[in-house]
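Alright, structures below, take your time with them.
The same chain A turns up in both complexes below, where it pairs with chain B and then with chain C.
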Partner chain A sequence: MSEGALAQGMSVLGRVPGVAFVLVALIAVFASMSPGFSTAPNLTNILVQSSILLLLALPMTFIIMTEGLDLSIGAVLTLGSVVLAAVALATGSLTVGFIAALAIGLAFGLLNGWLIAWLDIPPFVTTLGTLGVAQGLCLVITDGTSIVGLPSGLQFFYSGYFLGIPFPLVIAAIAYAVMHGILYHTRLGTYVPALGGNREALRHAGVNDRVVLAVIYGIGGLMAGIAALLLTSRISSAHPTAAIGMEFDAIAAVAVGGTQFERGEGWLLGTLLGVITIGVLRNGLNLLAMPSSIQVICVGLLVIVALFFDGMRKAQE
Partner chain B sequence: MWTARSTLKFYVGKKRGRRSDDHLHEYRRGVAVPPFAICPVERMVGVTTMAPLKVDGDARAPLLELRGICKTFPGVRALDNVSFPIWPGEIHMLCGENGAGKSSLMKVLCGAYVADEGELFHHGEKIEIKSTLDARKFGIAVIFQEFSLVPYLSVAQNIYLGREFPGKVLGTIDRQKIRSEAQRVLGMIGSDIDIDAPVHTLGVAQQQIVEIAKALSQNARILVMDEPTSALSDTETEHLFGMMRRLKAAGVAIVYISHRMAEVFLLGDRITILRDGKKVATLLPDETSPGDLVQKMVGRKVDAIHRRGANIKAGEVALDVKGLSGPSGISDIHLNVRAGEIVGLCGLVGSGRTEVARAIFGADRVTAGEVTFFGKRFTGGPDEATRRGVALIPESRKLQGLALIRSVGDNIVVAALDRLFPSHVFHPGKAGKVAQAMIKKLRISTPSARRAVQVLSGGNQQKVVIGKWLTADARLFIFDEPTRGIDVGAKAEIFALMYDLVENGAAILMISSELSEIVNVCDRAYVMREGIIAGELSRERLSEENILQLGMHHE
Partner chain C sequence: MSQIEAAAPKFKLTVSRDLTDVAYRLLAVALICIALSLVSDAFLTANNLLNVLRQASLVFFMASGLTLVILTGKIDLSIGATVGLSACVAATVIKSTGSPWLGAAAAIGVGSIVGLGNGLMVTKLRIPSFIATYGMLWVAQGATYYYMSGQSVYGFPTGFRALGSGYLFGIPIPIYLMVAFLVIGYFFTKRTTYGQQIYAIGANTVAARLSGIPVNSRLNLVFVLSGAMAGLASLIYLARLNSAEGDIGETLTLPTIAAVVIGGTSLFGGVGSLFGTFIGGLILTLILNGMNLLNLNANWQPLVTGLIVLLAVWLDMKTRSKTDSN
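Take a look at the complex of A and B:
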């Protein structure tokens, strides 16, 4: 009996993704190296800092599961932030600014989806192109400088609390719950692994695969628009390069979380773990006074290490 | 009351009435029917009988009747006036060579092609099938060799893909109902596959069952199956056959495409033979024999492969292998091939033939033994082997032998770039001339050297591979299943080419699963069994019986 229990325990352990081990190891290392790491305020801080990344990584998981990619998501987030600030300044209304950010995000997402689904341009090329467009628009709108002097009410969205919980965490939790619901409990979500795993099957089943694909990229843009609110609130201004390159962290989080780039294999909880792992890594390195250049190297290494472990385990199976 | 069975009796009269025992006679007659096949369905494990399915419309009319179906593509008459009925509760075998029109017929049935001429009748009523949706409406489902399943969705989700039951909230799905309905459909065909298992964890056989369940859940009454057993083990095949018999008993019609004689006679209620797009005949199994069937399938071409005349001028030893062993499961392999010889390497699938070829070529690691090419010891990898004039022509032409989207010309020169262009500067004109000469020499039928290889027929693709190695000055050719997926006519041409090669002093080691090819083409042959050379057969002793005798397992 105990042998069976052990075997069962081992098989449960075998299903734990590499990222979970890496996360635990990182927490142990940082906790022992810097006393400030394992305090409640710092751990909360890690989660709050991770919320923006989570908003990008969730739709990125969907997109990668369709065997796609969205390189433009960091630039679209930045553009959303810039548009939000510019519109809020011009109209004096944060709400209008936020709606504008959502609209520009959704527009870019649907544009990506349209180019990929109807014109059959590979996702890598499509989103590289829209990345350039979004980045350029940021510079055009801001003239290369920061937009400051935004209404003070803006700060609530990143620094405020809702029922005692930091507001960004509330947003992140809702976003996770909604995306989980979509992926596992709706038609749309059922078609996500089908798009990556066997698009022909979906077509044969009478599903309009193009519309589904466009909607998925659209969700990505929309989430970038929501993230723009948190980002702008965080720095109380909009800067044309604020989140440039953030697609790197988002794709890294998805990859570290165990979502594969082919056949439609992926899971949302892995992405959540991946986001937190990257958050822990960056926070820990910050506490150890490592410059951000070192952090980027470490995130890169993290991807390689996590995928190496997953690859080893797959090879064993 | 009309049942499917009585309908059939009505149709075929006294000639029906085979009992399951009849298969025993065929087995004794020497038709290679696997022993499990004699077991009557009722005695097979886990069998539940399926309730007869509801028959809509007039049960005395065929489920589907094809009348004068024609389909023409530029330059090809793919289907030429094909007519036959499909009755409920029958397994209708569709036989023919590659290119005989089986695939086109299948595509007409499932709505992928629209017939140019001819009519379809469903329960006696004229219908038109213009899309897969139409086909589904009339209960026709095709189980393709490449499955239409999504690897990372569960069995239940796959069965109801695109037809999810809506949940209470808009856009959501009722997962519980999907599960229970899937369970019901699988239960109907007596399958115990876990409905929650992701499809990628299932074996080929189970995936096939999911496909069948998916079709039945869409009320399919006609299942079209394209070589469903080609990737199955014996046990899996047995299960599939059991399931097919249950479906048949419930009134489902199965159109079954097969190249395996044993299956055709074991399962078929009727056999329709196609050749060059025309229907040759529809026969009852009792009216025909495997030999007769082959004759009808091939027509006049049956003698395409002549036994080669005895070879007397074997020259220097091109390949000498001594005591070769490796982690891929081969041990103590001794063999040699002389210039001017075609030597066969045969044995059951999995006996290690391909592994030997790869080890000789330096593509796999070896732990012991030595390989000598043309008198010189060889220890390098594939690139070194190529430089020494050795060519491995792999089994999966499309994956390993050719760059499909590149042109015929590019493929011909690619292995000879070092030789043709010692200065490492590519000269398109020279490459074009070399390619053109080779196209002419091998009679590769392509409109131009610039045409992509993927549009060529299997036989011509194989010629391009051979041309590639000839251009690279290869003198020792290792062919792994050179005629797989090639029709009889092209086979003869490939063999003629191989004879030409040895006439001109090349040496050939040929791996083949087709024993008749080994017997007719080779000067002598080695027979493998479980990773060892079980024996060598000289030309005098080379026969299918002797090969089987050496290659079979003796417990």
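Take a look at the complex of A and C:
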């Protein structure tokens, strides 16, 4: 191979995002270490398990692109699940329960947006506060115990099939398509990176940046409400701490996917790859009988490594 | 001469601003105390008041290091997890060696290492502090769970337990420690170059760097101090609880941040004080104590703490934007 061809090859490789390398490397490692990993049922399982995370990571990408953060999204998802279960039990209707979950999710999202956009409270402290509120509501509603005895029809949403495809994947695909459409094919989508990169310019262009921010956080809450349906279906019950901490996996997926915490640069496909990477990591460690504490440490280290390479790239520029 | 005249009133204004800030918060403390003594007979007893102060001292130890970090305009979200990891390591060290001193060294050492990790991520890797310390939160928490593997460690020597539950002249020992650290902290922040540089970095990092302040090394220092104080707090917590489990620090971050923001330290850096944080911790503890006395279920605590954080930050922003426009 001539030097020119090598350099060309390197530059093509250089354009492949880091998350793709990480994903391929993880798959290779786990496939060689545990025979159960690269079977069709397990790979499907990884995707199905990742669907809930994707629902959180998609809006998180938007939010981080605006130089924001949503630490409350795991607690809001949990609250959505608790409300869904409580309302479904009280009314006997899953539909009413689901609508209630969507409403509470949207309400928390808009509350975050209002506190951040109108009251100018920094996003991390806003959403830390609403995390406390949502978590507190979960505990108060359930009195710290699980809500069980939900209608059996609920199970379809996580373990059912639609046209031969697992239903959570259908939901995840629709969510991805919609969020992709919003980010890359609507005017709202063009405002998202501008909010992070140059909010002042956006304001001068006559855009009501506050409303846009509220809409973005609102979408996050709504997606948490949708995810609540899958989560409740998955565990056939609601538990006050079911998804506490899932915001970390969502933020990790976005960071690993190459979205920047500053400057408003983001990439939705990267988030999808990031979500699958986290899913593969957790699944593979699970198959190797690693406790969840090790999984959390690995996700944390993955984020730090991703941010480290980000920092190197920034320094090179 | 004219320069001095121009500068003098400005200085006077900031001093009175600090004083009014503290006065408002002391007024809040007084109002809460009056309200609680009206609704509950158990409130105005020496036992309960000392108990409140003891709880407030624990919050203060965690929040004092965090105050320094926030004064520089950064944040440390890993405090609770650092307390958890330090407490668990210290617990096993005390258990296996029988020496509280080695345990104390372990706790403060672990806390400092975690803090240094935070500092290096922020200064060397240039990761925003909220995300670096958030990642650290989960790494430290995972490490704690792994280290304890579901076990709990309990039953410590009496001498060590005095640190959390002992009395001297009828007053709990942690309160003496808090007063000592308040005095040391006051001199460190207000009367040393280091302290003034911390304020300067928070007020304007670029200006601080240009005027020759070693910004990165001061940032590392405040993160290490934050971790070390979390380690110290973990000892008092451990001595009080007399047991350690993996989830020991999980719920501590939100109240700690609450104490700092209630105390009037601005999340944007440069404004605030350790004394303010002490009062902030006191206000938070009084409210939680009141809920306790009124038999409100502990499940309400995260909800109320979350609301207090939002309210405190909002009030702070409101008063600040008013004075800024003046």
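We adopt the following convention: the second predicted complex is superposed on the first by the 298 of 317 C-alpha atoms of A that agree within 3 Å, B and C clash if a C-alpha of one lies under 4 Å from a C-alpha of the other, contacts with A are read in each partner's own complex, and residues count from 1 in each chain.
Keep in mind that, in the parts below, a contact is a pair of C-beta atoms (placed from the backbone, for glycine too) under 8 Å apart; a residue touches a chain by one contact, two chains touch by 3 or more.
These numbers come from a predicted model, not from an experiment.
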First, second, both or neither for A:Arg187, with chain B first and chain C second: first
Partner, of chain C and chain B, that touches more residues belonging to chain A: C
Contacts of A:Pro35 with chain B and chain C, given as first, second, both or neither: neither
Touched partner set for A:Gly136, first chain B, second chain C, both or neither: second
Which of chain B and chain C A:Asp120 touches, first, second, both or neither: second
Touching partner for A:Glu200 - first (chain B), second (chain C), both, neither: first
Contact residues common to both interfaces of chain A (with chain B and with chain C): none
Contacting residues of chain A [partner chain B, same complex]: 65, 181, 185-188, 190, 193-194, 196-198, 200-202, 204-207, 263-266
Residue ranges of chain B in contact with chain A within the complex: 132-133, 147-153, 157, 161-164, 167, 171-173, 175, 200
Complex contacts: residues of chain C adjacent to chain A: 75, 77, 121, 125-128, 130-132, 134-136, 138-139, 141-146, 149, 246, 253-254, 257, 261, 267-268, 297, 299-307, 309-310, 313-314, 317, 321
Contact footprint of chain C on chain A as seen in their complex: 69, 71, 115, 119-122, 124-126, 128-137, 139-140, 143-144, 245, 248, 251-252, 255, 261-262, 291-297, 299-301, 303-304, 307-308, 311, 314-315
